[in-house]
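Naming follows writing order (A, B, C and D), and every chain is counted from residue 1.
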Amino acid sequence: MLVNRRTLRIEWAQCDPAGIVFYPQYLIIFDTSTGWLFERTGLSPSAMRKKYGIVGMPVVEVGAQFVQPCRFDDEVVVESHVGEWGRSSFTVRHRILKSGDLALDGFEKRVWAGQHPEREGAIKAQAVPGEIVASLSDATGKTPVALD
Amino acid sequence: MLVNRRTLRIEWAQCDPAGIVFYPQYLIIFDTSTGWLFERTGLSPSAMRKKYGIVGMPVVEVGAQFVQPCRFDDEVVVESHVGEWGRSSFTVRHRILKSGDLALDGFEKRVWAGQHPEREGAIKAQAVPGEIVASLSDATGKTPVALD
Amino acid sequence: MLVNRRTLRIEWAQCDPAGIVFYPQYLIIFDTSTGWLFERTGLSPSAMRKKYGIVGMPVVEVGAQFVQPCRFDDEVVVESHVGEWGRSSFTVRHRILKSGDLALDGFEKRVWAGQHPEREGAIKAQAVPGEIVASLSDATGKTPVALD
Amino acid sequence: MLVNRRTLRIEWAQCDPAGIVFYPQYLIIFDTSTGWLFERTGLSPSAMRKKYGIVGMPVVEVGAQFVQPCRFDDEVVVESHVGEWGRSSFTVRHRILKSGDLALDGFEKRVWAGQHPEREGAIKAQAVPGEIVASLSDATGKTPVALD
């Protein structure tokens, strides 16, 4: 699987009165990191929405285990990859490392979702395109999706 | 002018490693407080959007002065009213009080905005309806807008 | 078990461009709801910290399943209770209901944590006081903890 | 004056149901951008706190004008510099540009604050060290502050 890595500095805005990252902030990091992982397909979020007619990739389940706290000014590495592919869903796994040690890990289960054909405002799960699966399954990151 | 008052408890989520409210959180409180003030017209946000065909009330200017910090678990009172009415804009003034003393005050200048008739995705300022002005200018809060 | 219920209106600030609650916002709601649940003991967060010498109740694991989205202006009910008590940890279960139907449920596993006696800035799990367990296990909510 | 520039991609987490950045999010960007500007002195936030014995640089006034909205996936440039130096306060000016055009500008007036010598938990304004002023006034960015 293709693993996307980001290096981040923990911001003041992310920390609580205990001086550590307020845990929902990690889920915001997960969300953005999934975005960056999917950009490794070569498509920006808006290009992906346009090309496949999806409205997004809503989260249906999330989980995280916190091993050690991160603090303001810590440098952390976020590693993200798709751990499992279903037909119309997939699970993105995230690990956040501090000085090389695991600070927390977690996952987001998401659905590849288009507009529901009949009910306005509702969504309908669609099969994840094979080229997306192929691109993010290529550990070398050399299988971009053609824009059109 | 009609002054809307809310009593809030400062949440852990709103505080930073200095143990005080992280200042952008006050702007979130402003935004929500403006929502509650406009509900005093008798219209929910969605009812207001529907009745007048507006897309919202985007902020064009904001400012705040911080007098004393608020901390986790503090009880505060938020007082909000429309300070000035323009033709298609208005200024909401907010004061946050702690134990009766001013902690901060600020304002949001907002526009009464509809969908632009020609440019998709763009907005166009519209005249604030007289009944909205009248309702929020009535200090007794007894002039609701008819939903019709 | 004592179930604490809160009624909330979904705020603009909590919603994303899909018009639904951005999922990490639910975790912020969980965090605050745990705070209100523990206030049913009769102790405010600061009183609890002072009485028992704890630094807080850090989260070690979190999870949530999303069944249906909530939108701006929706009224939701948050139900929270302690599902399991360990010696020095406990699991708070949260359910968020919209018009009586489940929108999502989730949990936070937390530790009852004091200052570590030897390592500055580190924490050490402590046994949850029996009177806290008793108070939150009383479904009638009539067993407050003495402030003394 | 030294101008610090950051290039950011607008995140899903920062946008509201109108599809644009929720305005308090810009203040979070201001806060973080001030942090990066002050790192141009050569001192990390924690090194600065340690070297000068300050507890932080709390904001006493803030303001912003919004010219055009930014949307999810937009690339923006944040330009930050100290516009005015007082004895113990200073004003950081921020401009956010989209495709080279101004999207918004704003300021934060902050205080260089140490622990109050007599009142626990209170802060006391201190004179901004001359070397900090010199470093951030040098447009070439070549005047770092010595760590000790």
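Things to note:
Going forward, a residue touches a chain if its C-beta (ideal position, glycine included) is under 8 Å from a C-beta of that chain, and two chains touch if they have at least 3 such contacts.
Note that the structure is predicted; figures quoted are calculated from it, not measured.
The greatest centre-to-centre gap from subunit D, using C-alpha centroids, is found for C. Comparing the chain pairs A-C and B-C, the larger number of C-beta pairs in contact belongs to A-C.
Separation between the centroids of subunit C and subunit D, computed from CA atoms only, is 34 Å. If you average the CA atoms of subunit A and of subunit C, the two centres end up 26 Å from each other. Rounded to a whole number, the gap between the C-alpha centres of subunit B and subunit C is 29 angstrom. Residue positions of subunit C with contacts to 2 or more other chains are 12-13, 18-19, 22, 24, 28, 31, 72.
Residues 18-20, 22-25, 27-28, 31, 55-56, 58-66, 69, 121 of subunit A touch subunit C in their complex. Interface residues of subunit D facing subunit A in the complex, by the touch rule stated above, are 11-13, 28, 31-32, 35, 44-46, 72-73. Those residues of subunit B lying in contact with subunit A across their complex are 12-13, 15-19, 22, 24, 72.
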